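Before I ask anything, let me first share the structure, which is written out below as structure tokens.
As written, the chain order gives the labels A, B, C, D and E, with residue 1 at the start of each chain.
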Amino acid sequence: MSKSNTILYLDGVSVSFDGFRAINNLSLVLDKGEMRAIIGPNGAGKTTMMDIVTGKTRPDEGEVFFDGQVDLTKHDEADIAMMGIGRKFQKPTVFESHTIEENLMLALKGPRSIFPALFHRRSATEARQIDHILGIIRLGDKRDELAANLSHGQKQWLEIGMLLAQDPKLLLVDEPVAGMTDAETEETARLLKDIARDHSVIVVEHDMHFVRELGVKVTCLHEGSVLSEGSLDFLSADERVVEVYLGR
Amino acid sequence: MIFIRAIGLTLLLLLGMLLPSNAAEADLRAIIAKFATASNFSAIEAVVHELAATGDRAVERPLAALAEGRLYVRKTDSLVFVGQDGGGGIELLDPLSGEKSGAAAKGDIAKVKVNNTLRRAIRDALGTLTLGAKDPAARIAAAATMFKTPDATNIEPLDAAIANETVASVKALLEQARAASVLVSDRPEADKLAAIALIGARGDRDALSLLTSVEANSEGTVKDGATAAMAKINSTLALWDAGQNIWYGISLGSVLLLAAIGLAITFGVMGVINMAHGEMVMLGAYTTFVVQEVIRSSFPGLFDWSLVIALPLAFLVAAFVGLVIERGVIRFLYGRPLETLLATWGVSLILQQAVRTIFGPTNQEVGNPSWMSGSFDIGQLAVTWNRLWILVFSLCVFAVLLYVMKRTPWGLQMRAVTANRRMAASMGIRTPWVDALTFALGSGIAGIAGVALSQVDNVSPNLGRGYIIDSFMVVVFGGVGNLWGTLVGAFSLGIVNKFLEPYAGAVLGKIVVLVLIILFIQKRPRGLFALKGRAVEA
Amino acid sequence: MITGRFFAAGADRRVAITIFILLAVAIIVPLLNLAVSSTSAFYVPSYVVALTGKYLCYALLALALDLVWGYCGILSLGHGAFFALGGYAMGMYLMRQIGSRGVYGNPLLPDFMVFLNYRELPWFWYGFDHFWFAAIMVLAVPGLLAFVFGWFAFRSRVTGVYLSIITQAMTYALLLAFFRNDMGFGGNNGLTDFKDILGFNVQADATRSALFAASAVTLALAVFVTWAIVGSKYGKLLMAVRDAESRTRFLGWRAENVKLFAFTVSAVMAGIAGALYVPQVGIINPGEFEPSNSIEVVVWAAVGGRGTIVGPIIGALLVNAGKSWFTGVLPAFWLFALGGLFVAVTLFLPKGIVGMWDSWRGNARALRAASIAEEAGTDPDVPPAKIVRSAARTPGDWSASGPEPQPAE
Amino acid sequence: ADDTIKVGILHSLSGTMAISETTLKDAMLMLIDEQNAKGGLLGKKLEAVVVDPASNWPLFAEKARELISKDKVAAVFGCWTSVSRKSVLPVFSELDNILFYPVQYEGEESERNVFYTGAAPNQQAIPAVDYLMSEDGGSVKRWVLEGTDYVYPRTTNKILEAYLKAKGVAAEDIMVNYTPFGFSDWQTEVSAIKKFGSAGKKTAVVSTVNGDANVPFYKELGNQGIKAEDIPVMAFSVGEEELAGLDTAPLVGHLAAWNYFQSVDTPENEKFIADWHKFIKSDKRTTNDPMEAHYVGFNMWVKAVEKAGTTDPDKVIDAVIGVSVPNLTGGYSTMMPNHHITKPVLIGEIQADGQFETVSQTPGLVMGDEWSDYLADSKDLISDWRAPLSCGNFNVATGKCGGKGTN
Amino acid sequence: MLEVSNATLHYGAAQALRGVSLKAGAGKITCVLGRNGVGKTSLMRSIVGHHRLTSGSVAFEGKALDRSAAYDRARSGIAFVPQGREIFPLLTVRENLESGFAPLKRADRHIPGHVFELFPVLKQMLARRGGDLSGGQQQQLAIGRALVMRPKLLVLDEPTEGIQPSIIKDIGRAIRYLRDQAGIAVLLVEQYLDFCRELADEVNIMDRGRIVHTGPAEDLDRADVRKFLTV
């Protein structure tokens, strides 16, 4: 297949830690504008795959291309983020000593060098964008609270908000609904589907209701490589997936 | 000193033997009496030579006493005695027989003055005299002196001694001494060449120094032979020099390790930026001092055990102070590691000043027990005992600590508590205890490091300041939280330092080492034994 | 916009007041020293002018450190080095101003070079006979060192204690280097015996007052600059880097550049502080590179309150004034007092003087807000006094917030 | 108040120099006490003002200023390191007060407001080297100049090198080595000395190693078995106080050059030691050369104040020149017009009890030479603070005051 | 077994718990549900002793715990699986498990077999550092670690977060097993309704710092209860 109309192209990627192969000859392709759900047992390498894409971990071998032509293994985290890959971490990480609003402001798309930041003034558009996001993540009334004082779930939301503010081309979302109520889960699914209309998205999640709700193609990773791929129903019927992941 | 002590021993042995005396004794006494009138060093030296020239073994006693500064002249009657400390005044012994001949107050007697030139003259004289001593150590010492002060007149007595010698190693030394004397004599060339071969085989610095002067003062084949032998010695010595540097590096490393290892606990494991670490080392050193003072005044016989006694006490003292600091200050600061810097800095100022107030600002004397004094040779490698013991000691401390940290439940709890105090408590670990004991352990180890450091450095209130920076460097260079890193870090810094020193000088060498550390950290931002992976970042 | 914020309430007002006080002091103290008769009650003796001038330089240094430590989490244990380098640059200028008035009367070479047998001026002394050149060097040398040092260190992602310790290694290496007489900076004795600055006698009261005023004004300026930096979006970013460096990277920020800028600016500030310090104390020598000096700067900032603008200034003034006072009154015991002070501050004012003040006030404000919410809400039965006491950071309690801020997973 | 005369004492009581300087503070307090017991000065009581400059050089300047401006002291006794003296110099000349400086130093200085009661290089270094070159000293032919890397050793070694070369010592027979302050690992240096000393020529070490670094240096010397008979070490900064921190048994015979030893057998010294032990409440505490320098300096100042009838510094500065007071070694030291004093030079050997035994003594007193004759730029300079010359750096070649006087 | 009465808790000036009362009986699984930020974690942390209550009290087996420190509570038999795992990252998996030995008698200091049965992956990774594990593996480790302590009361704060479905089922089975065989009390915070419904003997629903409903698990299907869980 041609790389050119893919947003993300992984081929033959392997990485090991002290002899342990966390990713093993992984190949995965995401088309522009596609949303993909990734499932797989704990330790299958889902988070590690995201680490590779965002430049946090260098693969031992294999190709990683973004937007068809950019070789991601040659860039560092900041570069990759600036190219338009945003990430939500499995464990929510926000700037604890900043307010919710400041967290969003730092994430907002815009120039990323020192001097513009030094002389930056918040514009009306930016203010509107922040208000908009605050509305989505339902933290409007806490906008001046320090992020440190949020509960776990609220931090999850804030991180999603920061991801939105970044407005990246490709979103990597690691377990977004962990610690959310069922209702919130549904809400998140709706939000992601919304986003997926004009972005490419990879979602990692263990919550099958949520994955079902998304209604997209699902990839199941196991021991560092793709075990099975297809619709959720297809996977649910796959013996191997049931064996290693879903359980009986 | 050992040498002179050895002579003293020999003398006692000789006491039993009846010396051919009488007429000679009167002559000797007459010469000895001249000490009373000799007014300057050259006059005294003349007397020494005169005594030595008699060749009588009886002169050993007065000469040895003179070298030790124990030869006195009684002011009232100008008689010469050997003095010996005895309660209150000075006990007077007969210079020849050694019999007690009364006592005198310090003011009533005058010491026969001695200086380095005289001491050397006496040593040379005694060297010849003790060739026939019973104790092999004395004969070895004699051979060594005679090797260093070759003289054609030595050849004959040496020949006799060689003939009588039964111990092979002593014999070899005597032969070398003889060879040295041959070189300065007017013996035939062949003899000299043989002598050069013998001395060249010895291969040490003394041989080199001897050959240097031979080369300068002779010509022809002898000169060539000396040059060749020197070249050979020089090349082997260069190898030994490298070995020596490594040894110096290792022993510097062991000092660094000792200084740093307590910090590897309080800082490396607990994360307390412990600026008072150096002061814990200092407390250990002062404990040693106090122990030695008590021993000196009450149990002088135990002096050689003083360090062994001081070790547990130093540990306890420093650990106790550490405990107080932890309970009083640091426990309120967990989770705020940077503020521990401020508090421990304050504590270190207080401790320093406290020691200064109690013990005074000046250096205190901590003596080396006999088993930590002096040096011995391995080939051309001079190894000083104190450094060797410190090395052994530091490795032992390291091993024990490693065991405690890795193999005991306490070690596990320690690491758990530092990783996440709150969660550790929820695992049923008594965190306050663990914290307090861990800090006490780190401090206690710093304390016993102080015992060892008191042997190589000065014991003053500033002792700790000198080590704190190096200790932090070592811990950080090795990788915080990794005991092995501290070990390897200490030794590699020590060795690099000692290899640079001869070329760059001590000052520049140290600068280079610091720059290397800075560069190294760029390469490995988390130290030598960096922990890698997610675990570290989490 | 900047002026708007400048007069806004809260912490910003405090900055405004500080700047105002500094500017006022810059005018009043010299007046009271020069224009008031020495018998008057208002007379400020010259030695007080000299002393406070020195403190102001220390305050500037502490402020510089706080910019990187308080706001960016870079605990530099080597800031004394930048201070000293700035000082040396100024010292070299002052040295050259002595001209042939040195003891040997050599018009070109400073005294120490004469008796160490230098035949000519080392190349790195060229240009220092001009004030403008020296002034540039005061900024450039510390700035450049910080830039190069930071460039490598931040790029290699050296952080935390590793960074602290290599900054310490840096100042220690410089200490040893400057101690070397062969370096051409006067070795241990350093540079002394200054005569003129810009043609004015450094020992004259008027010059001293002018230097004092210059220090106060510079400090005011630095406060303003720091405040502007910290309040900008870049300032927020700086703090974000402090709390979760890798997270900023995933947002596309170059954390190393963020740090590098702050580090360099801070080093330049420290250099200026050193340059102002030297003519006022009359000597610069390698002792200023002493690692313990740099640690002390950290202590000043911590005492005053790190992560605040006014804190380090208060801390530096207070600790140094205390030191001057104690060393005079309690010469044998002042270390107990000073050490005790540090311990007490950490225990009882965990966020420093200013930080503590803030949290009292902050608490009061939050309390008020809470009580309003309470009225509107449903639950009136909370005794407000308890709220204050349960502020999570009372000694002994496990802190209520999670463990250390954690980087992105 | 007005019925007392204040005397400033400017010695570090904390920090690295406290180890040496604290003793001097105590000695000064004792001297002042004794003077008060004798009825004070000009009918007034003396009052000591002690401050702690904490081994911090800029703080020395600050404290000096405080003593003079705030406490209005009549004179200051203080400083140890050269840099501390350099730091306070401008203060003393600006505020026109008097400093008595009690420590041996590198010379190359003469200030109107400072009186140097310690030794100049010619009162210590040169005689020491002379001794080593003499037959009594072992006719040394090869020299190791071992020093701490700062101005005093550098200058002293420069002077010594020039002096030795003038005496015909070849360049390869001189080894110069410097170590940092507080250096504690001497293995390499000591073994280098050993190596240098094994070239077949009589070798000696001239040590300008400073302060704390001496203890580990001597410990290493002892352990590596360098004996005084083989390679004697002649030290200029090792006194009784330093030896108190050492087991001297392995060091017997190593040398030091000073202008005073505790072991000097004179009635003045006996009294001084007795007073000191009483004052400090310990008979283990030693006396040393800088203490004697303060003793001499203080008595000179007292005498000068009495002579001038006032404590006004200007008057005292003029009055003190020519004042002669007994020193503790049995002679009289006199303040010379160059603000240095005359001193005897003693060479002592370390004894097992931690004391020195004098093995050589200059026949007369040596006058301190501020401008060394062995340095190119200073050999033409002299200092004379009497009217009409009143100059610290008069150039005899050009006949002008102010160094080269080329301006 | 556990009884919380009228607990209130403040973070600075903000109030997180407003008079919460709750019971958890031996041999029963008590579930606490609620939206994000309603105070579930705060309540659990107060029970295990991480936070000190502003007022109210916690009693365990009839003894008041309010004065006792977290480690004493652990020693009296309360084990805690916190939200966010909080395993010890630099300790190996084995050491993490062994950290639970502290309150045990010497004879009991071994890792019970059912820990590895439940989480076989832990057995494979005994020598790996805890922090290197994947998120879900860490969660398994956290639960395993609590089981090592042989608790009488097990407090679980969202234990299924980030865990693969098959293991969630295993965890459910394990909790039931512990309840039935060992008769311990389980206090469970969950967002995952199905899991809760299946397991719980009793549910408590929290909203804005208080408990607004207590009842059997079946109540979860009631609309008036459900409303507390919707956005």
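In this section, contacts are C-beta pairs under 8 Å (C-beta built on N, C-alpha and C of every residue); 3 or more make two chains touch, one makes a residue touch a chain.
Chain identities (UniProt): A = Urea transport system ATP-binding protein; B = Urea transport system permease protein; C = Amino acid/amide ABC transporter membrane protein 2 (HAAT family); E = Amino acid/amide ABC transporter ATP-binding protein 2 (HAAT family).
What you see is a predicted model, and the numbers here were worked out from it, not measured in a lab.
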From chain B, the most remote chain by mean C-alpha position: A
Chain closest to the middle, measuring from C-alpha centroids that were averaged per chain: C
Chain pair with the higher count of C-beta pairs in contact (A-E, C-D): C-D
Cα-centroid distance, chain A relative to chain C, in whole angstrom: 42
Rounded Å distance, chain D centre to chain E centre (Cα mean): 75
Distance between the centres, which are taken as Cα means, of chain E and chain C, whole angstrom: 49
Distance between chain centroids, defined by C-alpha means - chain B, chain E (Å): 62
Contacts with 2+ other chains: residues of chain B: 352-353, 420, 422, 425, 465, 507, 510, 533-534, 537-538
Residue numbers of chain D (touch at least two other chains): 13-14, 149, 178, 180
Chain A residues counted as touching two or more neighbouring chains: 17, 47, 90-91
Of all residues in chain A, those that touch chain E in their complex: 17, 20, 39-44, 46-48, 90-91, 138, 149-154, 156-157, 175, 178-184, 187, 206-208, 244-248
Residues of chain D touching chain B in the complex: 13-16, 18-19, 22-23, 135-138, 149, 177-180, 182-185, 187-189, 191-192, 194-195, 198-200, 212, 214-216, 219-220, 222-225, 228-230, 232, 241-242, 244-247, 249-250, 252-253, 255, 285, 349, 351-352, 354, 357, 359
Residues on chain B engaged by chain D in the complex (per definition of touch): 1, 41-42, 69, 113, 115-117, 119-120, 123, 205-206, 208-210, 212-213, 216, 244-245, 248, 251-252, 255, 352-353, 356, 360-365, 367-368, 373-375, 382, 384-387, 455-462, 465-466, 497-498, 501-502, 505-507, 510
Chain B contact footprint on chain E (complex, rising order): 48-50, 69-71, 73-75, 78-80, 82, 86, 88-91, 95, 98-103, 129-132, 145, 149
Touching residues (chain side chain A, partner chain C) in the complex: 47, 54, 56, 76-78, 81-82, 86-87, 89-91, 93-98, 102, 105-107, 112-114, 117-122, 148, 162, 166
